[in-house]
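Right after this note come the structures.
Both of the next two complexes hold chain A, though its partner changes from chain B to chain C.
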Partner chain A sequence: MVVFALFIISKAGGLIYNREFHTGLAKLTSNDYLMLAGSFHGMHAITKQLCPVMPQPPNPTSAAAVLAPSPFSGRPSGLEVLETSHFRMQCFQTLTGTKFLLFTEPQQPNIDSMIRKIYELYADYVMKNPFYTVEMPIRCEKFDRNLDGFVKVRS
Partner chain B sequence: MSGAPNQTPGLRYPSNKKTIYDRNLNRSKNAELSRAAFAYLFVEMISYAQQRVRGIADLEKRLNTQGYPLGLRLLDLLLTRTANPLSSIRPTRILPLLQFIAQTLWRHLFARPADALERSESDSSQYMLFDNEPLVNQYISLPREMSQLNCAAFVAGIIEGVCDGAGFATEGVSAHSVAEQEGGGGEKEKSAKGAELWPGKTVFLIKFKQEVLEREEILGRG
Partner chain C sequence: MVLYSFYIFDRHTECIYSRRWTPRPASSSSKTTRPQSGSSITSNGDGGPTAGRRGMSHADDEKLIFGLVFSLRNMVQKLGGEDDLFLAYRTGEYKLHYYETPTRMKFVMLTDTKQNHLRNYLHQIWANLYVEFVVKNPLAPVEHPGGIGVANEMFEKGLDAFIVAVLPA
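Our next item is the complex of A and B:
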């Protein structure tokens, strides 16, 4: 159960938080991180456009027709999972447009619950902090501390 | 302020013409409040206090002012609600007052008693109330330039309201983070050791006025 890194990308596409939990990864400059985040943001938007459109039922107001469960549920979403032989990247987009990118090892189970817990920590220690301006880089000591605690316990 | 309010029915003037003063006092006795709701409200209170403020001391003073009326009202409410008729009188000595604050008030606000109550060795008019992890500070991470601020100044305001309402005039009640005290002095070293275990440990310094101490001495003699 190894988590490599966490990125948080704001609604506008800027990187507001990046943190590595695993030593031994190749070092990138901070500029590289910003470019990575920006590229992902653009790619996410493109893949959202590529998503297949939900087929319109032939007679939407007909109450008699019983439709089979459709695989096209909800709105189209962008890129969610990127998996390679070395790592797996999962993207969770909140309703407000903030994206959480979690990099883990390929066989990591329970990624959904991990991302949900990280989202909870974000909602607690970042959003309820009076000294944090939304969409700005995150510099909250309690968020870092609790994130560390959570990731260390899981790995 | 006279006559029946000629308003359309709403939250403040319900259609059965009963105002908040007609409600039973014990109705909200065991009521619980969502911690997140309070946290968001507190964020707005701090932002409001921060407008056009001139420094950290001024910001703490404003938070103190925000908590003061709460203390005045809580004193009466909590005394009314005590089950034992003997203890529902206003405390007249310093130690029962401080115990009322550390036990009853803290339990009402935070569902647990305060962690320690001490009298300062260097200054006999100063008492110290310790809280290892103030609830109001739970989600707050201070930026580096504001590391001297302690938002528990709001709770200090509540304490000041209780003391003033009970007739014990104070010079001031302030909230300080224990971790930032420099070493030196036996009592400070003891509390500094606790600060490693509890990084948010806060001490509330209650400084009573001279006439309160004189009165206490006279009452102690008689």
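Our next item is the complex of A and C:
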């Protein structure tokens, strides 16, 4: 099981975190990574527009709708998984619009739970860091270390 | 399997063939309230959540899809190397499958999310239907500006039969 890289894209489309765990993806300059993140932000919005069927809004009487009403439930979700012959990219968008992109091998199971765990690490070590300014590049040593540990254990 | 739509783009970025199996969601504030055949299939909650799509025509959709697959393919080749192939992407609601011929024609199909990527099937559509009935047609032009010569009877029939017989149910 190989995890190639993790990108975090802010809600404005800027690349705020970029880490490579394993070689396999092409090496690009940091400018290229910034451009990719920006264009992906736009493509993600277009994939929402192209939705041929609107998602069904959840039954308003169901338990989930009553306990956690969300204005996002009836909207199209946008790109979630991108498949290519060399890698697979999972995109997880938080409710605040931050996107986590995880690049793995093409046949990788359980990326969903993995990306949620990474989101948890982000919440614990980045958002709770008093010296971190939101929407700025992430430079938190503890986040780096825990992320490394988490990914290494899994591979 | 639920099929939503199918598109062919030529190497000049033009959509030369398109086919849809579901009517597009009626936008809530469209100026023309023409009745859509089979609009009962969609039943999209009175068009409430479709507000983001107002004023978009089929042609706009085609342009968006072309731009999207073009950019995604470039991104994939940048990250994975020149020989990496963009196969498909999935959202919560639909899945887009992609196949590109060596002559840069692009075949795009939108289906529901439960499919594996359909690259092989799109390749078959190209090899068994497009080449046979469009390229080998002596009356068809070499290029197909505006889709001339693509949507002929044989191709349409072949596509229908292919979808019924070959695509996974």
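What we mean here is this: the second predicted complex is superposed on the first by the 132 of 155 C-alpha atoms of A that agree within 3 Å, B and C clash if a C-alpha of one lies under 4 Å from a C-alpha of the other, contacts with A are read in each partner's own complex, and residues count from 1 in each chain.
Note that in this section a residue touches a chain if its C-beta (ideal position, glycine included) is under 8 Å from a C-beta of that chain, and two chains touch if they have at least 3 such contacts.
Predicted model only: the values in this text are computed from it and were never measured.
Enquirer: Using the superposition on chain A, tell me whether chain B and chain C clash or fit.
Expert: Once chain A is superposed (C-alpha atoms), there is room for both chain B and chain C without a clash.
Enquirer: Would you sort A:Phe21 into first (chain B), second (chain C), both or neither based on which partner it touches?
Expert: A:Phe21 contacts neither chain B nor chain C.
Enquirer: Please work out whether A:Val81 is in contact with chain B alone, chain C alone, both, or neither, and reply first, second, both or neither.
Expert: So A:Val81 only meets chain C here.
Enquirer: So, does A:Lys128 touch the first partner chain B, the second partner chain C, both, or neither?
Expert: first
Enquirer: Give one of first, second, both or neither to describe whether A:Phe7 is in contact with chain B, with chain C, with both, or with none.
Expert: In the superposition, A:Phe7 contacts neither chain B nor chain C.
Enquirer: In the superposed arrangement, does A:Phe100 touch chain B (first), chain C (second), both or neither?
Expert: Neither: A:Phe100 stays clear of chain B and chain C.
Enquirer: Given the touch rule stated above, what does A:Val53 touch, chain B (first), chain C (second), both, or neither?
Expert: second
Enquirer: Who does A:Phe143 touch here: chain B (first), chain C (second), both, or neither?
Expert: First partner only, chain B.
Enquirer: Which partner, once the models are overlaid, touches more of chain A's residues, chain C or chain B?
Expert: The partner that reaches more residues of chain A in the superposed model: C.
Enquirer: With the two complexes overlaid on chain A, what is the closest approach of chain B to chain C, counting only CA atoms, in Å?
Expert: Least C-alpha distance: 31 Å.
Enquirer: Per the definitions at the top, what is the overlap between the chain A residues touching chain B and those touching chain C?
Expert: On chain A, the chain B and chain C contacts do not overlap at all.
Enquirer: Which part of chain C faces chain A closely enough to touch in the complex?
Expert: 4-5, 22, 24-25, 42, 44-45, 48-50, 52-53, 56, 61, 64-65, 67-68, 71-72, 75-76, 78-81, 83-94, 96, 110, 117
Enquirer: Residues of chain B touching chain A in their complex?
Expert: 36, 39-40, 42-43, 46-47, 50, 139-143, 146, 151
Enquirer: Could you please specify the touching residues of chain A with respect to chain B in the complex?
Expert: Going by the criterion above, the answer is residues 124-125, 128-132, 139-143.
Enquirer: Can you name the residues of chain A that touch chain C in the complex?
Expert: 25-26, 28, 32, 36, 39-40, 42-43, 46-57, 74-87, 103
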